[in-house]
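Chain IDs A, B, C and D follow the sequence of writing; residue 1 opens each chain.
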């Protein structure tokens, strides 16, 4: 309300006061949607540092912390009710797919409520390049387009990329070794590292976290922690390697026949945990089943899947409705292969109306672990399947705590071996000082940014976006808020995603003079109070 | 008597019904997109629609309400949006955890408060009395979470006497849940939150006992006993205290109910997997079937406590007659 | 005629209302006031005498508008105001004021004397200024012989003696300059030494200002000092009424006679007699048939149990007894 | 009204404990009023040393009496700034609570009948409401700022005052001075608010003190559970900051002062309430 009254009042004032030179309307106060300080201190602080920088430009900035998840998520994703939002997108293996942080976020076709283009950014070149890379299966050829796309985005600045906080976790080295540790973006949560964990106590590896498993039903899952644990129990055709490249898991070979046809050869002789063999029928069943029953999370990834055809015992053909390069990582790399002999009759057996209601507390999967017990809200115990081709080394015990603080304390005391909960950046040295604790720093592929509402009254001006980006005290944020434990990035595809990241782009720097010059060049002016005015 | 009972039961039921209804509509009628509190807006729009249908949220509001009420009559609280687990199963265990923390500590606090309160009334005007009143009030005036934090700081982190939180040690969870409550490990975890809660809850019974005792001591029959030469400590614990216990006993159920409601804070500090913690988590996740159910359960305990206190008061106090 | 009460009745029904929606209990009818007629001229004091439970307090509450009569007429200056009270309570209260029995309970302990005395003016919304309010309060207090009034204005009731409090009550009643004052046992809770000064005060006010006073008491001893007329109430009815002197000299109703016999005589040489009636006043929900006094009447005859006595009178002296003014019976009784 | 307040202070001043708590409370009040002026730094202002480095987690010193926080904020300044929200929230809540509670109690007790039944059922319902859980749910739905926190607390806390006042009104309305007022032409409104209300003021004042104590603690608890107003530094939020930063072990100067401040303030409020209550009404026991 206020936002609409003020410019009007300002306009009336300026027209009556006969200013010597032409001055546009005063830039209205910037509504900066951010996180509540209490629980998300670092996100909130980051936004407050950004706001301070912008105030130097003559902008009036109002921080608007909203409770998370609601209504903050609602304002962020559904209502797009902000001028700037403190966007913090978490990393995930499948988000290594370059489409996710570029085209999916900035293509004007994705501006609907609930979709990813929350800033309602629209640019023809971005749309065009985005569409183009989707149809290129050859990684190198596709890479060129993705790099160019990043360049265009760098110029247009739909958001100011701050960087990503390094996620630091720790283990108790007295009880645990991880000989084959790989620096995956998801660190100790990565299946590649969990497979490598060796318990020195002869017991299961005890890992502390704060979130309980929601369910072991892959059709019902929709949060990251659920998928992590599901992938211990169920196999996928493809698994994203720690380096961001797809690796074969159940698949032994993948051939892109043409833009809309992909053939997958299945690993031979693998069985489910109940001893039944895993066949091409199970694979076809799984994809058809997820699509037929509209598993909520997978809906988007199965949209372009037209048909699954069993070529012969070991080969499955996927027919797509249109070219979709992310299909391999996003679809083959995410759909779990479930046994047809269990799920095929689950509705009749249990009397539920759809498979999403199935609790699946005793899951039968082909993965490297099987579920031993699940004390809901307290503990989950996975027993390793020694004969699995991924060669798990120890049993895993996930212990659920009420808060991250307690997980940290329990690790310090030796009650648990691993803290899956990232340590708050500023306490890391305290953990490092303790001898038996070993620190793991991981560089996630998620990132923080100030996302402008590019369709909004204020940030529809490209120059203002560019100037705002140059008025952010990046170094201070990294040093003071994130305790130095952060990497910066110029692009939304962060450096850890090395293959797709465009490293030719210079990091944006805090340069208030340059920022002001950009504004001057674009015709912005300041009044006697130092408040910024739009160009005439 | 029967009419009194029926009336009180009817009032309690009415109270619960209004709360259930209020809670149901509060979630759906407050400003903002009602489903935004239910389904993560970050989900792909089509996925949102699918989820809405899955949870029955595509039905008209009044239908949802009737379905909700109908299911409540068979103790079906719906399915958690987060875990997809029937809420009833989820909260049952949590409630037991809350009760094993709150009940013993409250009863102990009452017991201790009554004894000390009676003794201090006897020694009224002494320095010890003044000090204890101050201490008890100060403890009651301290935010219980802060007390808990200091306890963790000192007893767990510094002296390493107790675990920092949680209900059993990781990996020590027995196969059957009931076994847990009888394990030493469990008691070890219970100790610190138990002590903190006792310290916090001690004040009320202490002051109540002290003031009732002070008025009891002034009564004639105590003087009479004294004149008859009954020993002082016998007068204290036999005559005076017995007659002062009534107001204390009758408030216990009500205070218990309130303590359950207040367990939210202490469970959060000690990461105690009880009903209160579940509720805070569920609020954070907008998992409102769980919020509604745990709220309802806590409400049943508080309403039940008040009801019980009312009935006890009526039963135990000969001066009260039923209307 | 200042006040003309005609056949006034107040009946309560117990056990009715919500709790009896389902006919769970038998409603009981209580006839607290059961057909009372009274008349009062300005400047006159009417004494209303009876045992507790006879309905005199209910009658008083009706007269000051605290309760509405069930039936009967209530004429004030010739106008029937029974209906008027409902619609225009405020105006009615300006004309009729009450002095209560308990000077401790009838003053709001949280108010100063000034507040207590000015509140009636405020409630009446007369639109007086603060200064005017104060002046009128002082006048009223002076009239009630609280002198010097200024000294008492900021005091609280608990700082005053019983007699002073009753004067404040009277001042509160006077401040609205009423035409009629109903005083319900105004001296029964006061020390003997103060009683007479209050009685004298009331008497003086009535005469000086020409207002009507209904003086309610259960105790006949103070009556001759103040009352012009007297009405004796028994179980909701006036059983005997007339000029004060007539009644004291020639009481004709056995109940009045019993009351007179029981009342202490100011002359200490005269031994206080005992009432020659037995038992307690019956419950108003269970009024005896015939003459309502017959179960306790020393002279009761068979007809008393069946026939309700008609009113008999001699001049202004009236009585409800089958044998009223019957010399023979009187003589036997005196014997 | 004013008279009752003055009376309150004079009664409290009579006892030894009351005197001390009144002094303590006055100090807290003046901190709340003057604190922001006296505070060397802003509530969220970061402190840099001469070299331009953030002064992080500095232990108490002459420059920083209570040390600094993880983000380089002066704890002493935060304590001073935090007094105001604690007391504002507490006092407003207590006042609102009592205004609602007294009115409900007056109306229910005086009007009786259906109004009484309805209001008492309403009170029963609110008495059965689990206090903190209800406030959390309410805040999660309506947004977290000082005003919703105050409203949420008020919505729950009026219940006990209402009950006590109603019981008192039931006996007051039978007193003769009510009939006396009625015969002078007082309307129901006059009787409720001019005759009865002054007599329940002592109960209201006792209610205010206990509500104040409760509100201060509850506000801190809400902050600790993460439902506090994110734009306001209060004693509760300082504790939460320290807790969430996992710094309480390393920086006791950060977590201890706000807890002690709350303890001292609330204790003094309790003692004032009790000192007054003992004189005014020896019958009612302090209830939660």
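Things to note:
Operating definition for what follows: a contact is a pair of C-beta atoms (placed from the backbone, for glycine too) under 8 Å apart; a residue touches a chain by one contact, two chains touch by 3 or more.
Being a predicted model, the structure only gives us computed values, none of them experimental.
Note on interfaces B-D and A-D: more C-beta pairs are in contact across B-D.
Distance between chain centres (mean CA atoms), chain B to chain D: 22 Å. Computed centre separation for the pair chain A/chain D is 43 angstrom, with centres defined by C-alpha atoms.
In whole angstrom, the spacing between the mean C-alpha positions of chain C and chain D is 52. Between chain A and chain B, the centres computed from C-alpha atoms are 40 Å apart. The set of chain C residues touching two or more other chains is empty.
For chain A, residues touching at least two other chains, in rising order: 70-71. Touching two or more other chains at once are residues 37, 157, 268, 284, 286 of chain B. Counting only pairs that meet the touch rule, the chains in contact are A-B, A-D, B-D, C-D.
Of all residues in chain A, only 69-71, 73-74, 76-79, 112-115, 203-204, 206, 208, 212-215, 217, 220, 222, 294, 296-297, 299-300, 354, 356-357, 359, 373, 375-379, 397, 399-403, 406, 409-410, 412-413, 415-416 touch chain B in the complex they form. The touching residues of chain D, when paired with chain C in their complex, are 175-177, 179-187, 190, 194-195, 198-199, 201. Interface residues of chain D, counted against chain B in their complex, comprise 17, 121, 124-125, 127-134, 136-138, 140-142, 213, 217, 220-221, 224-226, 236, 239, 243, 248-249, 252, 255-256, 258-259, 262-267, 269-271, 285-286, 288. On chain C, the positions that touch chain D within their shared complex are 61, 64-66, 89-90, 92-94, 96-98, 100-102, 105-111, 119-120, 122-124, 169, 172, 176. Partner chain A is touched in their complex by these residues of chain B: 32-33, 36-37, 40-48, 50-51, 54, 79, 82-85, 89-90, 93-94, 152, 156-157, 160, 163-171, 173, 175, 177, 267-268, 270-273, 277-278, 281, 284-286.
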